[in-house]
Amino acid sequence: MKLAVFVSDYRLTVDTLDRLNPEKLGIILVQNGVYHATTKENGKPSSLLNKSASYYALIDDLETRGLGNADVADNVKVISYSDIVDLIFNEYDKTAWL
Amino acid sequence: MGKLTIGCFASLVGSMSLDFAVRLAGTALDKGHKVDLWVSGNGTMLSIKGQRAFKDYSALEKPLKELMEKGLNVTACEACAEARGYHKENTLDGFKRHSMDWYLASSFDADRVLHIGGE
Amino acid sequence: MPTTKLGFIVQRAGYKSENPKLALTHAIASQSVEVYLNDGDIVTADIAFIGDGVLNCKKDQKAMDIYKLTSTETHIKMSLLLDLNVMVCKEDLDRFGMTENDIVLDAEEFGAELTVKVVPFAEITKMMEGMNHLLFF
Amino acid sequence: MGKLTIGCFASLVGSMSLDFAVRLAGTALDKGHKVDLWVSGNGTMLSIKGQRAFKDYSALEKPLKELMEKGLNVTACEACAEARGYHKENTLDGFKRHSMDWYLASSFDADRVLHIGGE
Amino acid sequence: MKLAVFVSDYRLTVDTLDRLNPEKLGIILVQNGVYHATTKENGKPSSLLNKSASYYALIDDLETRGLGNADVADNVKVISYSDIVDLIFNEYDKTAWL
Amino acid sequence: MPTTKLGFIVQRAGYKSENPKLALTHAIASQSVEVYLNDGDIVTADIAFIGDGVLNCKKDQKAMDIYKLTSTETHIKMSLLLDLNVMVCKEDLDRFGMTENDIVLDAEEFGAELTVKVVPFAEITKMMEGMNHLLFF
């Protein structure tokens, strides 16, 4: 299974991501999910970035919150809405919105 | 080119999930895909006619109409809408209302389904 | 018969959010979807409760008596009656100290033949892999 | 006997916070207190006329009308309602609509304020 | 300050309660907040029950979820809507809904 | 002058929930509340950002450009312009590695005299104790 997981919040109330282990995993950070890419607490990056996955963060939702490319962790690729459409159709076969 | 079915269950103004869904739908349409958008639960708010566009609130009536002209197929869960007092006569022109099986039927021949359920 | 398989995954407790209930009512709608499809085309719905979602399966919910609201318990029974495959994650039940005695397992009173299946998460993973699309609630 | 001002910002059907607010308001009224109920944000859904009472959804129009007869003072945030397409003509009889300062004015002489904001 | 704090969810996304330290603290568990009174994970009760506070859980919201008196931790008092009104007016002077 | 003091406490990040914005718009409404009150009666609103709520104070928010939505940054500036007391918890800024450089501090361009106060949580506690009612968003 090639799964694209959308994370739209910073404080997750579900632990689903911890147990998903598909053959290919993409994590697309949107809305307040983008804080996982930018925010360190007490110097530590979000533990969500520790998975063996490809990470993406939506530029529109970064900039809405006063954030930008320079704030994003190295292993996260900054993408557009158009990129999301391409990822869904071309890189993954199923989606999950947590 | 494929078909994308988006289901959105979140609220219009409370979260920005509907803004995301509408923006994504528009982008997919512009790229030549077919898009069905289903709104259920609080998402049925999107179907109401005469939303006032204040700058303090997310306002989606205008962008939605533009997308419908471009071919967006958009349907609200009829029961979810009625339970909230949203009736046929207050529904945006061209915004369909059906029972929940419409969403499942849309997914039947969809290449991808993005179900925005969380909250 | 061309078949599209949908997996409904319920990850949250009920009532505070409407979503677990909407998962069940939408899954149940798979029984009437043929009206929109060509003869022989089918959509199936499998349902899995994981994480806090297993709290939806508690029996003796009094939502109707107290808030005049159909309980998720009733919706689970309805799903069984309509022959949907309903799975509950065993590891999560264990974590909450819950057993099969605590949860709704069948809908015998309505004449349902299917029962709720308590299964390890690995089996839910297998179900997810076999689906065409996943819907996380 | 005192005055309780309840503000509820959550959604009608999505969470059960409005069920809680209405039930608490009724109990306080029955105990002889004065109660003001303010709904804002998605809570303004409570003000819509003609909500269909299905058993699958929380239905508060009837209990609310009974409480209004008992003296419940209930007001919706006008801007929040208009932004969602809830207009005066679709508002329950007796349900007031004002700008946000109404809520603050209600709290001026309230003995207690319960602000239900979370989500 | 005599503060009555309403907790309406099981997975809290705010840490406000950890830092509040009023002279008198009451924690009223309603909606999915009642799970804090009833649910043990891996045998452990909710850490929310560790505060120096008076705890209450709403019977209506327990029973809605298939729970009852017998499921509730010893340090939590099961109460009605009427009790909540009395607590607000008589025992506490301010409220907080988290 | 009979005065009722309200404390608005913002504990959550913005946009995903409408609540932080509603906190500010309701607090701002304290400026027009006299229409409902007797002469001389006053309602004041103090605002404190704590926890994830401090993320609302980030400057350079582009919500209007991108989603055609007033940013919380703009609402904070408006609050200063109307002479509301706006506090931001220093410990939470520290935790996120944010400094005064990262957040909106004034609304000089609108002619506001007040500025945002970065204060230790103890000072926010003191504010809460001095209020008649608290509203947590």
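Labels for the chains are A, B, C, D, E and F, by order of writing; each one numbers its residues from 1.
Note that in this section contacts are C-beta pairs under 8 Å (C-beta built on N, C-alpha and C of every residue); 3 or more make two chains touch, one makes a residue touch a chain.
This structure is a prediction, so every number in the text was calculated from the model and none was measured.
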- Task: Could you tell me which chains are in contact with chain A and with chain F alike?
- Result: B, E
- Item | Pair with more cross-chain C-beta pairs in contact, given B-C and D-E | B-C
- chain D to chain F: how many Å between their CA centres? 25
- Item | chain A and chain C, separation of their C-alpha mean positions in angstrom | 28
- What is the distance in Å between the mean C-alpha positions of chain C and chain D? 33
- Query: What residues in chain F touch two or more of the other chains?
  - Reply: 15-18, 25, 52, 67, 69, 133-134, 136
- Query: Got the chain E residues that touch at least 2 other chains?
  - Reply: 8-9, 11, 13-14, 31, 60, 94-95, 97-98
- Touching two or more other chains - residue numbers and ranges from chain B: 13-16, 41-42, 56-59, 80, 112-113, 115, 117-119
- Note on the structure: Listing every touching pair of chains gives A-B, A-C, A-E, A-F, B-C, B-D, B-F, C-D, C-E, D-E, D-F, E-F
- Item | chain E-touching residues of chain A, taken from the complex the two chains share | 9, 11, 13-14
- Partner chain A, residues of chain F touching it in the complex: 13-16, 52, 55, 58-63, 65-67, 69, 71, 73, 95-97
- Task: Using the touch definition up top, name the residues of chain C that touch chain D in the complex.
- Result: 15-18, 21, 25, 64, 67-70
- As the complex stands, chain B meets chain F at residues 13-16, 19, 55-59
- Hey, which residues of chain B end up touching chain C in the complex? 7, 9, 40-42, 80, 99-105, 107-110, 112-113, 115, 117-119
